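Heads up, the next two complexes both have chain A, just with different partners, chain B and then chain C.
Here is the complex of A and B:
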C-alpha cells in the first residue's frame, strides 16, 4: 500500500493556492514549531531518522546540528531545487503542484536553523515553476507566514527564489553556493563545509526539496510517528520518479517496505512493461547509480526479495547491488541496448563536468568517445578494458562526487553486461541493425504478469 | 539596438539585488543575465554582458566566465523560436532520436543551426527533468512533452502563425 504523507492532497483542486492549502491544514506545522525551541526541532528531526532525499541519504538532523553559530554572523538555509539527475523529476512535481508544502517546510527549517533569509535555488529550465513558487511565496508573505515577526514570535524570515541557468553540477552543494554568489558552478574543496563557511562565508545548510517538505509531517505528527513508517534506517516515505519502458511513468510516494517487483509490476505504481515486453535492466536511483540486470534487481545475491529502500537496494555493494540515490527509477525493456544507453549517460556527464579536475574533465570525454565507437561497431575488445581503467581512475580522484557519478554507470554496465559490449565489438555490422536483447540471460527472468 | 533596460526593468534589477546581502550584488548575476537575454534579442552579445557588468559593478570578465559556463545563456544569435530537445538516456529510451531526426528533416537544419527564415533554431540538450513525459523539449518558458511527429508539426505551425 502506498502511504502518502507528502502527496496526500496533491490532487485537491486549487491546492497550489494558499486558501485551499490552508483549508486543507497547511501551515499547522509553523504554528506548532514556532512555539518550540529551535534546538528541540533539530532533535525531533534527528529522531525521525529523515535522510537527505537529494541522493546522498545523509541524516538531515545530524547535518543541521553541524551548523556553526558565531556571534553576529547571519546563517542561511538554501533549498536545493536544482533537480538534474537523469531519471529524476520528483521535486518538480512537488513544487509545481504543492508549492506551499515546500515553503511551509522551509519556514520551520529556517526557524530551527536561525536563518532569517532563505533561498530556493531552482534549475534554470524550471522557468514556469519559478513563477509558481514566487507567487506562493507572495501569498505566504501576505498571510503573515513570512516577513517580520511571524505569528508575533519575533522570528523574521524572508524567502527568495534564485534561478540557475543550466548546469547539473550546481546540484552539488558547494557548486550551488558558488552559483548563488553569481559565479561559475565550480565545487569548493571541503573542508570547510558549508555548515561552517557557506554562502558569502556564512554558515549555510543546503537541503533537497523533498527533504524540506518532509519536515512538515515530522513536526505535525511527531518524529516517532514518522519513524514508524518504513523500515530500519529507511524511515518515512520516499518520492520515486519512474520512467523508461513502463506503462505508468510518473511520481509515486512509496512506503519503503514494498518490493522492487511490486513497484514495477503493480498497477498502483509503474503498471508493468508495455506491449508484454520483458524486463532487461534497471537504474533505480538516478543515472549515477549502478545499473542492475533483472535477476539482481528483483532478488539480492542472498536470494531475498529486494525492497525499495536504502539498505536493500545497496545490499551486495556495487558487486551485486545498487543505490536508492535520488529515486529516479529508469526501466529498460528487452529491446533496449545497454551500450547505447550507457553512451548517452557518458555524454551527459562529459557535458556537465565543470572542468576543474583533470580526471573528470578528460576522462568523461574519453569515455564518451570510446562508448560511441563501440555503440557504432567501431570498437575493439581492448576498449572495454580501457573504459574500465578510465572509470577507475576518475572515481575518488575529484573534488566533488560528479567524478564518481560519471564513473559508476560505466563500471556497472561493464560489470553486468560485458557480453553485450563484446557482442558489439565482434558484430560491427549486425549491432547497427539488431539488438543483443536478452541474450545475456541464460534463462529469461521469471516475472509475473501482475503483482 | 540601444543597450539599456527600461526603467521598469531597472527597478526589477534593483529588487533582485536587494535579495542578497549588502555588497554582494554579484549574486544577482544569473537572474540579471536571464533578464538581459530576454530583453536584448535572445542572446548575450559582448556589449550586453558589459552593460550587465556595469550594472552590478563587477568586471566584464566576471560576466563572460559565467555566461560561458551555463548552457542556457546563448552566446550566438538564435532564431525567434528555440527548440531544445532532450537526448539523454530516459528520453532516448522513448524515441528522442527519431524526434530530433524529424525536426532536422522538417526544418532542413542540423543541430545547432538556424533555419534560413531566421525563425527556428534546433539544439540538443541533456536531461531537463521530464523523464516520465519523454520525449520532450524546452520551448520558451515551458516544456512540450510526450512529443510525436504530429505534435512537432503543430508546434511549427503554431510558431509560424504567431511569427506573422
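Here is the complex of A and C:
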C-alpha cells in the first residue's frame, strides 16, 4: 500500500464540509504558510520538485518564479479545473470529494504569488461541482480563511469560481484566460507568456487542480519529505484516473515508483483485465498522448520495466515511448479496434479545435474523414501515408498544443499499429464484423545487444 | 531564460534590460543582413529587405493591431535566437508575431522545413476552399490565388465534399461568401479598431467556425467597407461591384476627393472601364495593405466607396502603378487616353448618317418592351413588332432571319 498524501482522507464521511475537513487537520498549511515569506514558499515548492499535473509536467516552482512583479499591478492565480481530456477525471474526484483541499492549496499559492483575487476556472459540464466549490468557498470565507486580513497577517484573498461553456480548448492556459476575461476562448500567441501578461494583461499563473492541491502536503510536511516520495525528477504522488478494459476503473493515487504492469494487474490498483482478456494497447496519460502497444508499454525499448513516472513513460521519445500527460490511463484489451479508437479521438479533436489557425482547423477535419473511411472499410493504402503526412504538417505548426495533441494519437497509432490499418484497408468487408485482435502487439520487444 | 527572445517581447521588457540592448538590431534573413529597430517583427524586417525573402502573410495586417499568427503561412525557421543566446528555436515560428533579437539568424526560403510546412499550410487552406475563382470577384487580386500559385500543387489529395455554410446577408454593401473565408480575423480587427461598434464576429468553432452577425443583422457603419479591402480572399466583396466586371479588365486610377468625414482619408483608387467607375477601393501598397498617409492608414468611408461612382466626384491623379507580375498589370494603361474621334475628319464635317437602322429592319428586335411587364418567361414573340413588314421568304431563309424548322435545316446541311 503506497502512501497517500492527497486522498488519504477522501473517504472520511463529510470531508466535503469545513468542520470535518478542519477536524482532520485541514488548513494547517495556511496557518504555517502565512507565517513564511512568499519567496520562501516559492523556494519550498521549487525544492519539492513538484511538476505541473495538467499534462506538460513543467516544474511548478520554476513557473512561479517567472511571474513578473511590476509595481501597482495586481497578479492573479487561476486554477485550471477545465478538465476535458478524454480519459482524465482525477480533478473531478478531488474537487467533488475534498473541495477544501483545493481551496487550501490555492490560498497558500495565492499568498506565495501575491494574488489577491484568484479564480477557479471550472469546466462547464461540472456544474454540480461548481456548487460544491462555491459552498466550500463560502464556508472558508465564513471561517476567516478568505477575505480581508486573513489570520491577521494583512493578506487579502478573494476566490471566485468561473464556469466554462464546454470547450476543451479552454483548458489551454491562454485560451482559459481569454475565456475568463469573457472573450472567445482562442489561445493567445505566445510570447508574451501569462507570467508576464495574463488575465487583463496582468501577470498570471495558471495551475492544474492537482498541482495546487499538492501544495498543501508540501507546506505541511516540508519540501524535503515530499521530494523523498517518488523517484528521480518525478517527486510526490500522482493521481491516475484509470478507465477502459480493467476490473477496477477509478482514481488512484500512486507514488511514481510502481511499474505499469503492477498498476494494471495488481488488485490494489486496476485489478487486471476483465474476462481473462489480454492487454493490447494503452494510453497512459489522457487521449492526447501517444498510444503504446502492450509490449512497449510494459517494457521500454531497452528491455527495462516501464515505471509509472514522467521519465520512464517518455523513455525512448515518441518512437518507442509516450508521456505521463494528465494521468488519464486508458486500457484497451484484445477486442478493441485501434483504428476505430483513433477515429474516435480524431473526431473529438476535430470537434474541439478552436478554428483559429489553419493547420489544426483544416487538418483535424481531414484526418477524421480519412479515418472514418478506413474504419468503414472504404480506405486505400495511400490514405495511411496521407494521414501520416497530414499529422506531420499539423504538429508543431500551430499556435497552441491542441494541434500536437490531435496529431500525436494518429501518429502513434500508425507508428505502432500500421498493420492493423492495412488490414482494415485490405479487408473492407471483414473489418466491419471482425477484429484484428491482439496480433503480435504483446510479443516480447526485440532488444538489440548493447554495443 | 526569462529574457531571451523566446520568452519576452521587446515591448514587454523592463527598461533596465532595454537600456543594455543596441539601438539597432542586426538580423540575418536568408543570408541577407539588415539593421532594424528593436521591436520590429521578423516579417517586417523581411519586408524591409523585400523580394522573395518576405514571407507571405494571409492574416497579418500591419495596420491592424493584434492581427497575425493565425494562418501560419509566414512560418520561418530561427536558426539562432540572438547573439546572447544563439540556440535555435525548437519550432518554426510565426514571423509576423515574433520580434527580432540582435544577431538573430532566420531562414525563410533557404529552409526546406519552412517550404515543406508552408506547402502544407497552403494545402490546408485550399482543401475546403471552393476554388470558384472563375465567378469570384476577388480573382485577380486574391492573396490566396497568389499563394496557391507559389506554393500549391496542381492536384488535391482531398477526396471529400468541401465545407458549405448557410448563406447570410450582411447588408446592402458587403457580400459574404463564407465558403471562401480562411478565418484570418482581419475583418473583425477592422470592425474593432476603425469602426465604432463591431456587430459581426466569429461564431462556432473548429472547421465550422464562421464569420457572422449571429442574428443576421446588417453591418451598418460608415467604415464597414474597409472590411472588403482587408479580406485576403473573396469572402467579403463589394456588393455594388458584384459580377459587374473582372478586376483585370478595369483600369485602376488614383483619385482623391474632399470628403466631409474627418476620419476618411479621401484618397482612393477608382477602377474604371472607359469613363465608368466600377468600384472604389482604398489605395494599397505592395503588400496588399492599405497605404498609410503621414503614419495613418488611409481607410476610406462608405460614402466614398459606395456612393461616389462618377468620375466627376473625384479628382483623378493618374494611373495607379501595378506590379507587372499582376494580372491587373496586363491591362495597364500608361495614361488615360480617349481614342480620338476621326469620323468627322473623314466625312469632312458631314454628320454621319445611319446606313441602316437595325430596329427598322429586324423582325424581332423591339426595344420598347420591358421585361418586367411580361409575367411569364419571355420568348422571341414578345419582341416581335406588331405589323412588321416581313421580308420575302426566300430572302429571310438565306440570311437566317426566320427560325428554320428541322426538316429544312437537314436539307441545308446536306
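The rule we apply is simple: the second predicted complex is superposed on the first by the 438 of 451 C-alpha atoms of A that agree within 3 Å, B and C clash if a C-alpha of one lies under 4 Å from a C-alpha of the other, contacts with A are read in each partner's own complex, and residues count from 1 in each chain.
We take it that a residue touches a chain if its C-beta (ideal position, glycine included) is under 8 Å from a C-beta of that chain, and two chains touch if they have at least 3 such contacts.
Computed from a prediction, not measured in an experiment: that's the story for all the values here.
Which partner does A:86 reach: the first (chain B), the second (chain C), both, or neither?
first
Just to be sure I read the superposition right, which of the two partners does A:361 touch: chain B = first, chain C = second, or both, or neither?
second
Contact-wise, after the overlay, does A:182 reach chain B, chain C, both or neither (first, second, both, neither)?
Touch status of A:182: first partner only.
Can A:436 be said to touch chain B (first), chain C (second), both, or neither?
So A:436 meets neither chain B nor chain C here.
Of the two partner chains, chain B (first) and chain C (second), which one does A:66 touch, if any: first, second, both, or neither?
Second partner only, chain C.
Where does A:241 make contact in the superposed view: on chain B (first), on chain C (second), on both, or on neither?
first
Does chain B (first) or chain C (second) touch A:197, or do both, or does neither?
In the superposition, A:197 contacts chain C only.
Which holds for A:162: it touches chain B only (first), chain C only (second), both, or neither?
first
With the two structures laid over each other on chain A, which partner does A:352 touch: chain B (first), chain C (second), both, or neither?
Touch partners of A:352: chain B and chain C.
Give the label of whichever partner, chain B or chain C, reaches more residues of chain A.
Comparing chain B with chain C, the partner touching more chain A residues is B.
Could you tell me which stretches of chain A are touched by chain B in one complex and by chain C in the other?
167, 184, 351-352, 354
Under the touch definition given earlier, write down the residues of chain A that touch chain C in their complex.
66, 167, 169, 184, 189, 191-193, 196-197, 350-359, 361-366, 369, 386, 389, 392-393, 396-399
Which residues of chain C touch chain A in the complex?
2, 6-9, 12, 68-73, 75, 91-92, 94, 97, 116-117, 120-121, 123-125, 127-128, 157-158, 160, 163, 182-183, 185, 201-202, 204-209
Applying the document's contact rule, which stretches of chain A touch chain B when the two form their complex?
By the definition above, chain A touches chain B via 74, 83-89, 92, 117, 119, 123-128, 158, 160, 162-168, 179-185, 200, 241-245, 249-251, 283, 287, 328, 330, 332, 336, 340-341, 344-345, 347-348, 351-352, 354.
Which residues of chain B touch chain A in their complex?
Spelled out, the residues of chain B in touch with chain A are 19, 21, 24, 26-31, 33-34, 56, 58, 62, 65-66, 69-73, 87-90, 92-94, 125-134, 138, 141-143.
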